[in-house]
Amino acid sequence: MLSVRDLGVAFGAVEPLSGVSFSVEKGETIGIVGESGSGKSLTAMSVMGLLPLIGGRITGGKIVFDGQDLTDLPERAYRKLRGGRIGLITQNPMTSLDPLKKIGPQVDDVARLHLGMDATQARARTVEILGTLRIPEPALICERYPHQMSGGMKQRIVIAMALAADPDVLIADEPTTALDVTVQAQIIRLLDDLVKQRNLALVLITHDMSVVAQTCDNVVVMYAGRAVEYGPVETIFDRPRHPYTQALIACIPRGLEETARLTGIEGTVPTVINYPKGCPFHPRCARAEAICATDPPDFSVEGDSAAACHFAEVAHAQPA
Amino acid sequence: MILRYTFLRLLMLIPVSFSISVVIFMIVYLLPGDPIDNLLRVGSSPEDRAELVAQYGLDRNLVIQYFVWIGNMFQGEFGQAIVLRRPVADLVAQNLPYSLTLGGLAFLFSSTVGMTLGTISAVVRHPVLDRFMRGFILLGSTVPGFWLALLLILFFSVNLGWFPVSGAGGWTSLVLPVLTIGFGGVALVARVTRVALLDAQREDFVTLLHAKGLSSGTILFRHLMPHALLPVVTILALRIGWILGGAVTVEFVFGRPGLGSLLIRALGQRDYPVVQACLLMLALAVMLGTLIGDVAQASMDPRIREKKS
Amino acid sequence: MRYSTKTQILSGSAIVAAGLLFSGAAMAQNVSIAFSASELGATAYNPVAASTLNTATSLIYDRLVEQDADQSYHPHLATSWEETADGMAWTFSLLEGVTFHDDTPFNAAAVQSWIASYAGTENEYLVEAIGSVDVIDDLTVRFNMDRPEPNLLYNLASAFMGIPSPTAFAELGDNFGVTAAVGTGPYELQSFEIGLETVLVRNEDYTWGSDLSENTGPGHIETFTFREIPDQSTAFLELRTGGIDLLLGVPTDFLQILEAEANIQIIQMPGVGISYMPINVTAPPFDNILVRQATGMAIDQEGIVAAIYNGVGAPAHNFLISSLPEANVDPALNVTYNPARARELLEEAGWVMGNDGVRVMGDERLTVRLYTANTTELTRLTQVVQAQLGEIGMEAIITVFDSSTIRDEYRNNTHQLAVRSYDWNNSDILDWFFSGNRLGYPNVSMWQDEEGQRLNDIAMTESSTSAERIANFTAYHEYVLSQHLFVPIYQPTQNIAFNSDAITVPDPVRGSRFRGQSFMDIQIVE
Amino acid sequence: MKASSMTARTLDTFARMSIGRAFASGIGMVAGGFLILLVLVAIFAPWIAPFDYAAQNLMNANAPPGWPHLLGTDEFGRDVLSRVIFGARTSLSVSATAIAISMAAGMTLGAAAGYFGGFFERAVMTVVDLTWSFPDILIALIFVAIIGPGLTSTTFAIAIAYLAQFTRLTRAQIVRLKRETFIEATVNLGANPSHILLRHLMPNAIAPVIVVGMLAIGDGIVLEATLGFFGLGAQPPTPSWGAMMSSGTAQLFLSPWVIIFPGVAVAVTVIAVNLFGDELIRALDIRDRLRGA
């Protein structure tokens, strides 16, 4: 349904994203995971064609959606896709809704624009969608304003907006980061049901490996603007072959013994201007060799997963 | 909801207007000299002076005078102008329309042109246009009114003969004065609109609006403009006071009457009732301005409506 | 209405504007006039009660008698008059068939109630000498005088003795002249917006114009619009662009520019006023007569006329305009420029020259307060006076006030010197400015002196014939000059400018001022 | 005492760093340079001016620009260039003193209102809003009517006209800073209000107030010029740009240079002030904190 090949994005001279590839089919969820600053949110903006809004541009690669390459789609056609066939769910619900407008009209817009509905039809549809998202008394909610809603409620409204025009693909850019834990679980379960019931393709961008584990079919691990490992969730979680993936998995808090010590990763994520040469992870990689510092590793493919690491074969042992 | 909010704001204005009316009443006694001197026939005796003082009620103690004044004010009885020897109400009635037409037109001119220029300069990010806009806004706040008025008269009336040099006859005599006052106003409104729009464009929800597939035109007019209007409305509302009194310089150069000029003349002649009436009108306009500003803001921004009531 | 836009300022090239967009050029028979600066702010067209009147008043009301430029008196509503030998009674026979604008008849009874209405008003001094008025018959009236008044005819010809309709005057009371003004004049008051505009419309059944106008019948022009333009150069620009057709008072520095305009004609009439510097005799150092005399000699009248009035008008060397007989006093008393003598006098008075060019006496510096009103003409003249006083070592600090505030300052006696001007063409102005009971304003010199008061009373009340009055006032004038109470500076001419493409104006202008009688002869150029 | 020296030091480094950056940019350099030159001209006016600004020479009145009067002479034959130079001293000093008074009063009022809040804040802000929306020319003219014409009344008139701006700005800063956590910390440590205000709140609030103060100096010069137009500003012969520009608009036809040169001086100065002000705002990066005004 949607496949991204060697996507490269640049802001002026700086290239915070290069060589990212992934694809997702209807009814499937693909997770894009990485620490903040790894460029994962840029994939969402690139797919939506909104890079110019933040001053960025696509430098290379293709974004094929339903057989059509979006990178050279004219704006008018792109606008029909946005909201119509590809829905976006933003990260911070508190600031994603126009505070001056009521909830109802903001959701109705999508249906009226893409499905050519008139006001009453659109409102009926909105109430119905809000209902499916388990929002109490949706008709009343339509008359309220964003500042009268809780964070979780607002995120559901954003999701409703994304669903309003029956899109084929949903892109969720860290949908739960700004919510507290209890609400996070509800939102994740909600997204999961939607993918199943409406046969949607979901691109879930997150930094939380446990969320990936629960919901995604495939996963792409990103580090410093590049994909370092991808593949089905089971294989990646069973036998992570890239040291960074292994470290990420190790960080998931397990077990209940008080003594369990939370493991972290030394060093900090490199900023876009000082991406290290060779393999970007080598300064923080326990197994780094001389070669890692010089030439960037290729993907060593194994079945339907791959890892960009010179020593992918060697690193089978389970982390301590 | 809005009515309740407006009513509350009105209630809050009452103590304010009371204190202002006291200040206005007292200001007149700060003025050195008094109007009776202007009225007294030359070489008249102290008794004549006492009689005149009594006639205008200036002999009673201040508190009584104040309440008499306020009492009359409510019955629309502004009293008799001492030096100009005619009811103050007539004087105000004669000058107010001129101020309202000139001030009102200048207000409309500066708000519409100001907002359009502000929006254009915020939306069309063109370096040359940007530099021109900054230059224009800068010029607006540097050129003194009387100087601009003179240049406009010289160019448009003397050289081109399009408009009359001065006077208050017909629409043609309004064009240059409105341009003079409006020029400063346009600069201010344009600057505020530009900044407000730039800020609104940086808000997070704008990304989602684009993601919904709305065209940038709809986004600008349906979502961004209301946000930009909030600070603009506050600035405009606070300038309502200028409609009545701000045009003194222009009224002088163009030889037009107006409430501002009436106040200045009355100040010169120490004509207390006229000064007090003009100041009260101006204060009312200013308070009305702040009220309209608050109500407009509340009606546009639900967050304010909830918080304050 | 065509006008030329030749201008030397910005473009320099002559552009003739094809069409006129503004409404000022109403084709209907209307002539628009701008008042001179000194006439602005008149509060009511009420000759009996108002303290300031403008030229439009002379069109609304007629007078019994009119005075020509050569001081001769011509009949108007009074066809003839004779004064008894002892000057104790005047008999006037009145013009027949004259009606007020409200169609009430003008007759002896109207004159009787009119004279009585002056009691208790600011202009009461005009009729002070009249004891009572008898109606002999419908068209004859006799004034029984309390004392001989050789100046009566002058007063009767003054704008303040225009005759209002008694019925309207009684009915409107305080509103007379404000909401309506009813007289017998050639034009009726159509609208009056204070501080902005007065519109007069022709009185169709007017046929009794005085012999000072060629046209004694209804006026040629349908309506006159009188406009009050506070800013001098705006008024000047209105004349240049055809916004107005006639400017009653042209500031001297605009004369030069106006004369260069092809379509603008200037009429210069003899002056009716003096610009002078009153000296406050009660404020040291001016309580010393030597210092006052020295101050008088510091002012170079001829230099001032040449430099800032570019030769227009005449220097003033005493307190009255040169056309008045009482002005030719003993030449020695005239105040003339003599800086050397002025410095000697100051030395004599004990003011020695300090090291910074300012004289000192002990540790006190010769620094004086010099006040003036905030009109362009007066501020300019004051600065020249300041510089000339500096030449003799007297440092003058200028403060500019608006016209009514400056009166408070005079009354509070805070001034030492001031620069001001008066507008009057009769010798009784001496009483107005120097009589003891008007200290502060208008007696800015704060002068009180029995000899002065004695001479004043004789001149004002004991002159029975005009020749006697002239002698008495000359003596009073000479005594005032001897006390050095003021420094005369300049006699301005009356300058009127009109747009010769638009209107024609009678030349020579009859009467001492450009007033009603001259407006009757204005015609529109077809 | 120690607190003030500490505040002075933070201010000092703060200023040096930002002023430096403001000068760095092209426009900032030109505008700032011009302003420094102007202040020098104002200070050394007596030595720079070729003639005595009050020396009249009626024979040489209204002489066009040329030699020796580079900018020509006015209607009294006084040298226009010297009067513009001395005019700088009057106009700048009047406007600067007025804005200084206005800033001091505004900051104290604003700080107190912001810090104590409640009824006091409500009262102060209402009065201040009223003065802000009252036309400044009217406030000035009323003030001059009360204490008479001259430079002192012009200074106070300008000070009152801009008082509202500084009060609002300071209050906005204080209210915003009051909620910052580091302030709550000091409160819990038992610091008394004046200590908090002086040591912590004010230093942070000063930056935007100084910048707005600079911009207001430009407006102050324009208001002084307008009062001069009404003949109520500097009394003759003291030259001020405003008085010169309004020395009888008749000059426009006889000797336009008498009006045009001071007009240019006002325009250029105010533009320089605004340009440098903008650069300072960018350098201090206080654009958002300014929105409180």
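Every chain is named by a letter (A, B, C and D) in the order it is written, and numbering of its residues begins at 1.
To be clear about the criterion, contacts are C-beta pairs under 8 Å (C-beta built on N, C-alpha and C of every residue); 3 or more make two chains touch, one makes a residue touch a chain.
Computed from a predicted model, the values in this text were never measured in an experiment.
With steps allowed only between chains in touch, the distance from chain B over to chain D comes to 1. Central chain by Cα centroid: B, whose mean Cα position is closest to the mean of all protein Cα atoms. Ranking B-C and A-B by contacting C-beta pairs places B-C first. Computed centre separation for the pair chain B/chain C is 39 angstrom, with centres defined by C-alpha atoms. Once the centre of each chain is set as its mean CA position, chain A and chain B turn out to be 54 Å apart. Each chain gets one centre point, the mean of its Cα atoms, and the points for chain C and chain D are 45 Å apart. One finds 91 Å separating the Cα centroids of chain A and chain C.
Touching two or more other chains at once are residues 9, 231, 234, 402, 405 of chain C.
Of all residues in chain B, those that touch two or more other chains are 32, 154, 252, 268.
Chain pairs that touch one another, listed by label: A-B, B-C, B-D, C-D.
On the side of chain A, the complex with chain B involves touching residues 45, 48, 50, 53, 79-84, 87-88, 90, 92, 95-101, 109-110, 113-114, 145, 147-148, 158, 161. By the touch criterion given at the top, residues 32-33, 37-38, 41-43, 83-86, 91, 94, 153-155, 157-170, 172-173, 252-257, 261-262, 265, 268-270 of chain B touch chain C in their complex.
Listing the residues of chain C that touch chain B in their complex gives 3, 5, 7, 9-11, 15, 17, 20-24, 41, 43-44, 121-122, 174-175, 178, 193-197, 227-231, 234-235, 237-238, 240-241, 243, 402-405, 407-408, 411, 435, 437-438, 441-442.
Contact residues on chain D toward chain C in their complex (touch as defined above): 54, 56, 58-59, 61, 75-76, 145, 148-150, 230-232, 235-237, 247-250, 252-254, 256.
On chain C, the positions that touch chain D within their shared complex are 8-9, 231-234, 236, 251, 253-254, 256-257, 303-304, 306-308, 374, 376, 379-380, 382-384, 386-387, 397-402, 405.
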